[in-house]
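This structure is in structure tokens; I'll ask about it shortly.
Labels for the chains are A, B, C, D and E, by order of writing; each one numbers its residues from 1.
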Amino acid sequence: MDFLYNFFISPFVQIADAPLFFVEVLTGGLLSGVMYSLVALGFVLIFKASGVFNFAQGAMVLFAALFFAGFMDKGVPWWGSLILTIGVMVLLAMAIERIVLRPLVNQPHIILFMATIGVTYFLDGFGQTIWGSSVRVLDIGLPQTPLEIGGVLVNKFDIIAAVVAGSLVAALALFFQKTRIGRALRAVADDHQAALSVGIPLKTIWAIVWTVAGLVGLVAGVMWGSKLGVQFSLAMVALKALPVLILGGFTSVPGAIIGGLIIGAGEKIAEVYWADAIGGGIEDWFAYMLALMFLLFRPQGLFGDKIIERV
Amino acid sequence: MSSSAVNPVSGSDAFTADGRHKIGGVILSVQNISLSFGGVRALTNISFDVREHEVLAIIGPNGAGKSSMLNVINGFYHPQEGKVFHKGQERKRMRPYMAARAGIARTFQNIALFKGMSALDNIMTGRNTLMKSGLLAQAFYLGRARKEETAHREFCEKIIDFLEIEAVRKTPVGRLPYGLQKRVELGRALAAQPEILLLDEPMAGMNLEEKEDMCRFILDVNKEFGTTIVLIEHDMGVVMDISDRVVVLDYGRKLADGTPDEVRANQDVIDAYLGGGH
Amino acid sequence: MSQATLHAVQPASSPAAAEPILRVNNIEVIYDHVILVLKGVSLAVPEGGIVALLGANGAGKTTTLKAISNLLRAERGEVTKGTIDYNGRSIQDLTPNDLVKMGVVQVMEGRHCFGHLTVEENLLTGAYTRGDGAAAVKRDLEKVYEYFPRLKVRRSSQAGYTSGGEQQMVAIGRALMTKPKVILLDEPSMGLAPQLVEEIFEIVKQLNQKEGVSFLLAEQNTTIALKYATFGYILENGRVVMEGEAQRLMENDDVKEFYLGLAAEGRKSFKDVKHYRRRKRWL
Amino acid sequence: MLYREAGQFKTSYAADQQIFPILQDRIGIGLIAVLALGVLPLFATEYMTTTILIPFLVMSIAAIGLNILTGYAGQLSLGTGGFMATGAFAAYKLSTMFPDLNIVFVFLGSGVITAFVGVMFGIPSLRIKGFYLAVATLAAQFFLLWLFNKVPWFTNYSSSGVISAPPRAIFGDIMVTGSSAHYTAKYLFLLVFVGLLALAAKNLTRCHLGRAWMAIRDMDIAAEIIGIKPLQTKLSAFAISSFYCGIAGAAWGFIYTGSVEPLAFSIEISFKVLFMVIIGGLGSILGSFFGAAFMVLLPVILTNAPHLLGLNIPVDMISHLEYMIFGALIIFFLIVEPHGLARLWQIGKEKLRLWPFPY
Amino acid sequence: AQAQENGQFVPGLVYRTGPYAPGGIPWADGFADYVSLLNARDGGINGVPLVYEECDTAYNNDKGVECYEKLKGKGPTGGASVQPLSTGITYALMDRVRADKIPMITSGYGRADASDGSVFEWIFTAPVTYWAGADAIVQYIEAQEKDLKGKKIALVYHDSAFGKEPIKTLQALAEKNGFKLDLFPVPHPGLEQKATWLKIGRQLKPDWVIMWGWGVMNSTAIKEAAAVGFPMNKFVGVWWSGSEVDVRPAGMDAKGYLAAQFHGAGANYKVHEDIVKTLYEKGKGASDRDKVGDILYNRGLISAVIMAEGIRTAMNKYGNKPMTGEQIRWGLENLKLDDAALDKLGLKGLMAPLQLSCKDHEGGGKVVIQQWSGAAWTPVSDWITPRRDGFLTEMYKESAAQYAKEKNITPRTCN
């Protein structure tokens, strides 16, 4: 009885009581959702372009952040560090293409997925071997201060993050529209062998995509890093990005953002208003349950390509 | 093949001179079927009957709707309009596995074998619907399960000799050349001892010799099991030789329906499909 | 094992006269490091020639073509012996992409369309390696639509949802879009309606005569293949067991009987083929 | 030609349908059995038993479980950890509710309970496929852990939320769980379990249920069209897979670590088991063992290697290197043989068969 | 090598990797440095060298078990004591140490009721437990608020065995002192706390927030707290939430943040001088010189001290040779670190005096509240003595008894 009340009634009563607070939670949720989108984007890129579910995206975020912060600690100015890190990510992309992907061309997706898990391990180890495991402060002078807009409290930092993510998406959307490359990318995702047979150079395609994904990772790494400090746990934001990715659809760049917004807002609202009914700390699974609900109606995610079923 | 395999359902079995089952009454009939996907009209108001024990060929240009027709028959596509009658009573909207369990087996145009499994396992899978042994029995391979496995294995081995694929019994089908894969697929369909067998271009990608063999298989199946066969094929030689009746589709419409000779003579058919060559 | 072929495999009988644009020298192919499939295949495609590659299922036709177009690696197969030359230069270590750039393209057996791309997008992927401008591509696209009007109708629907034959057309059209010099056609007629088969081969003829494109086609429909081909090879169990000008092959009795179905007593109905003929001929 | 079937003709299909039709294999298995049952217990030190053999066996069960679901039925699952947790907590509840219930039944019971839970989370698989399905299972992963963490009933209201295995014995007095149990007893007890479970799994996968699974995996539409019921088949896979994972979880809590907090079954475990299955070979029971061995042994070897080599590397460097080498090896093996160690093993045998000729 | 044979073997279950490495590293460095100091300065304990070997657990239970199994048997007398630095691993090892007769020292973590030596013969919680810590924090808050009646206090905790430990105590205290306690679990690893803090900062608006966090959760919490404008000087963390690695990433936001400690901060104690002189100036230090004296470094150091002095006490009874686990247990149970002793060790003021017994494995450690100035930790309270008499001890007894029942252990009689 009590549960039923807490579940079905009291949340809405609370919302009605303090609508402003609700708006606050909502905006807070939306904004933090965007932070996940930043990570999810990287996944989308690679999946869209090669049908590979790149588990290493999280590791790449950490990796990029480690190098960026590391360089800055070494006294390199931020732009210098940026350039250096970009260089590193490009090299990384090429290495992955050469060492991992090329030999595994035309293998089932789960195998490539597995390979990226191998990459994850390697990067985690490698990055920390070079830069150590203790936390690094990454301060690129982003404002953290809260500000009130019409009684609603928002965080400057979050807004900046949102802007960054938004522009990234726009850019990437264009990148995929640039028909020739974009089309080739999707072709590769559909059928490696056929793509080869019409002369699409997997080599370059993959190098490009992984580089871009690496850069997206860098951006995410810097944003998250300056939020949490750069440390191993950064790699775990990937887990928060998964439901976003799935809800938005593996193959949709805008989906990553929309998914982020939905998940972010959804889990915050749930945590704030339904925690009493079902107990706190539900964010973890709630995101997945939410994604699951959506999938039941759209098995390919909100914006993902339809799964072709044909005999 | 063992007479145990002779089809139980075929009610009053009369035999023709050459030992074939006499073509009986209508076993399956599609009426005013219309099917479209978004804009594409794959089928428009198609009706025809399939009679027991006959070999019916469906022909038509590419994209005419032949495969779609088969998909409708075994419940994979659900037409917007029209009815399908199976053994007299109307068939409600249903899922494909029900059709299979009702005795309608088929092969596919784009080979749909289970790539990870050996040829033998693929064929055994065809008999899954007939296997009953319970979970524990299987888990510990107790008497019942073992007996069942062996029995069905024997039946499948018959099919394997029959199709002459003994050599590749244990090869993962993914590695087999195209032609053999087609054969294995036929084997899988046969294994279910269907009343009606739907074949979607079983001879595509075969050379003459192999086509001859395949024809023989089909005719023998029809003869020995009395299995009703619905066949899509582009090789007119084959179609005209082995089918009792031919249905011609053209971009979703039914163009003609009759004996091979009638169809061969039909001017529309010639224009739309056969072309001058034939 | 003795290779008692009717025509001993010696270059003389192969059309080396016109220096071949494509030459395969006695190659061996192994899958998965253990399965030996090609046991020394040699063949040559003359500049501007149409060469037919005949043989039963599993003879190794597809494998041969893939060996040439370097798609084997993607199947975990490898050429362990022999050489493959294109215009006199070895091409074994080139990527498929290089090959396409050089004008060698393969139409894969079993269609392999890009399911999520529309028919038109599929065709356009064929133009990926081309640098000759959008106009030219547009022109060729129109040409393909002329060849296959059906594709024009379905141009904007996802290839994954088109019919088998339509997909086959897409696969061929896609290859044509690469502006090839040599096309490796693997079972082009498969799943196509009779007229279309004729048309396809007409197209082959046109391209061959008008644009001097050379063809190596693996085909099961021997009658038509030999009708259009200038030269033919017959593969059995990964070996070339017979070769010669198309005409000569057509006159050969075995070929007549086993590939053309023209037994001495003339063509016999499929219905009347009583026994399965088990005959391993030249081996 | 050391290894060949030549001359071993099967006179009946029954004979041909044995698990190990070939003599050499039967001998091999026999040897392994002797080794595992007789020799190892005598020579294995406590360290070796408790940190290598036991976790290896536990993980093998989990790997077999996941292999049934992902390798045979083709349903990608990242919920293994959650299901193992379910098993562990179910076992705990069972054994504390019914103190004199025999430990064997406690394990089986926890397996059955987990099977039910598995089915619950398997239902979406009818509609959701491939990587998207991973989300359903991830939901299971996170939800279940949260549940056990949140609801004190599962831990008999222990303030810390940690459960520890009550001491239990078989055959009256041989302790197999709890602190007083001797490690060899634990090992042998577990070994028997694993043996039977593996056998059952092998049998299932070669009977019609197994074929149905593989059919669904390879091409679900075609499978349905030839008469295989997708829902039942998928759910049965989820059920049986979870059954195994459940028992694995119970064994983990009761025999391996002896105490469990939900966090121990975090998502990392799920991934670990998935690696095992893929590295070992999707759709191969034997592979599950290879995979488990690989994943359990390698880290131990890597951490101890420097010491054995007399190198003096700081621990953090060691485990970073461990990570790198580990990742590199995963990639290496995938490239050498994408179908896993089991396939490698097969090819090895084929080469032996052809030996001394290359092919 | 010679030392290997007849030295006292000291296992180190540390984590220098994994998500919690930033906290694990300084602790491990402090511990390692003190051991090296003893060896370098005094040639070990009473002339018996210490042989120290680390094993990385990555804060992961089964790895912890593996490390324990690997190290427990080494040396002539086996591991002197284990200090797993993880409540999870502590639980995993509890049965084993009892079976193997190896003392387990859990300084400022692990299972609070283990202070009851009559049930937990092999576990030592000195100098303080979470329950004691929680009580001390509440005492501090009470001191600030004068009266807690009707006040609202929120507990933000790591949703794990570790984070749950204080709940019981706080609930009891809430009852006792009439304040309202709200619980906010944060799932591992704690990257995501926006909702939690919106709720706390904008809706609940409690008078005080207590945090039981570890790892990245801490800095995130501080950031989010600042983001919703919650005053830092009303925000008290447990000692695992009160180190440099927690506040630095949060930058200036963290200024004014409070944390409970059972030892001082900074490197200006004699022991640090010795360490710098004997180790760092010879380049033998485990950490960076400027990290010597960090909160967690000092904690590692103190944990080492407790073990070392336990061993020393044992040797004084059993003679100067490697001690067995049982002997060391005796040593620990008779350990007495009064001001004089602390002074001798160069720890004066770094920690409060201790005296353990067969019954009391906690030894009466004290707690001090420190504040982050933006650059350093400075004490803002005196040593607070947890209310062990009556209240806490009762709770220990009770839950220890329950444990004993579960494991059918018969408590020994201490006298």
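FYI, contacts are C-beta pairs under 8 Å (C-beta built on N, C-alpha and C of every residue); 3 or more make two chains touch, one makes a residue touch a chain.
All values derive from a computational prediction rather than experimental measurement.
**Student:** What are the mutual neighbours of subunit B and subunit C in this structure?
**Tutor:** Common neighbours, subunit B/subunit C: A, D.
**Student:** If you walk from chain to touching chain, how few steps can bring you from subunit C to subunit E?
**Tutor:** Each step joins two touching chains, and the minimum needed here is 2.
**Student:** Need the most distant chain from subunit B, centre defined as the mean of C-alpha atoms.
**Tutor:** E
**Student:** What's the chain with its C-alpha centre farthest out from subunit C?
**Tutor:** E
**Student:** Rounded to the nearest whole Å, what is the centre-to-centre distance of subunit C and subunit D, using the mean of the C-alpha atoms as each centre?
**Tutor:** The separation of the two C-alpha centroids amounts to 47 Å.
**Student:** Subunit B to subunit E: how many Å between their CA centres?
**Tutor:** 74
**Student:** How big is the gap, in whole Å, between where the Cα atoms of subunit A centre and where those of subunit E centre?
**Tutor:** 36
**Student:** Of all the residues in subunit B, which ones touch at least 2 other chains?
**Tutor:** Answer for subunit B, listing residues that touch two or more other chains: 67, 76, 108-110, 112.
**Student:** For subunit C, what residues touch not just one other chain but two or more?
**Tutor:** Expected reply: 35, 161.
**Student:** What are the residue numbers in subunit D that touch two or more other chains?
**Tutor:** Each of 146, 149-150, 221-222, 225, 316, 319-320 in subunit D touches at least two other chains.
**Student:** For each chain, which other chains does it touch, given as pairs?
**Tutor:** Here the touching pairs of chains are A-B, A-C, A-D, A-E, B-C, B-D, C-D, D-E.
**Student:** Inside the complex, what are the residues of subunit D that reach subunit B?
**Tutor:** 12-14, 16-17, 199-200, 203-204, 207-212, 214-215, 217-219, 221-230, 236, 283
**Student:** Which of the residues in subunit B end up touching subunit D in this complex?
**Tutor:** Residue positions touching the partner: 74, 76, 95-97, 99-101, 105-106, 108, 112-117, 121, 124-129, 131, 133, 135, 138-141, 145-146, 148-150, 153-154, 157, 188-189, 192.
**Student:** So in the complex, which bits of subunit B are touching subunit A?
**Tutor:** Going by the criterion above, the answer is residues 67, 71, 76, 108-110, 112.
**Student:** Over in the complex, which subunit E residues touch subunit D? Could you list them?
**Tutor:** 14, 16-17, 21, 25, 54-56, 58, 60-62, 65-66, 69-70, 73, 87-88, 91-92, 94-96, 98-99, 111, 159-161, 164-165, 167-168, 185, 187-188, 399, 406-408
**Student:** Under the touch definition given earlier, write down the residues of subunit D that touch subunit A in their complex.
**Tutor:** The contact residues of subunit D facing subunit A are 70, 76, 124, 127-132, 134-136, 138-139, 141-143, 146, 149-150, 221-222, 225, 267, 271, 274-275, 278-279, 282, 316-317, 319-331, 334-335, 338.
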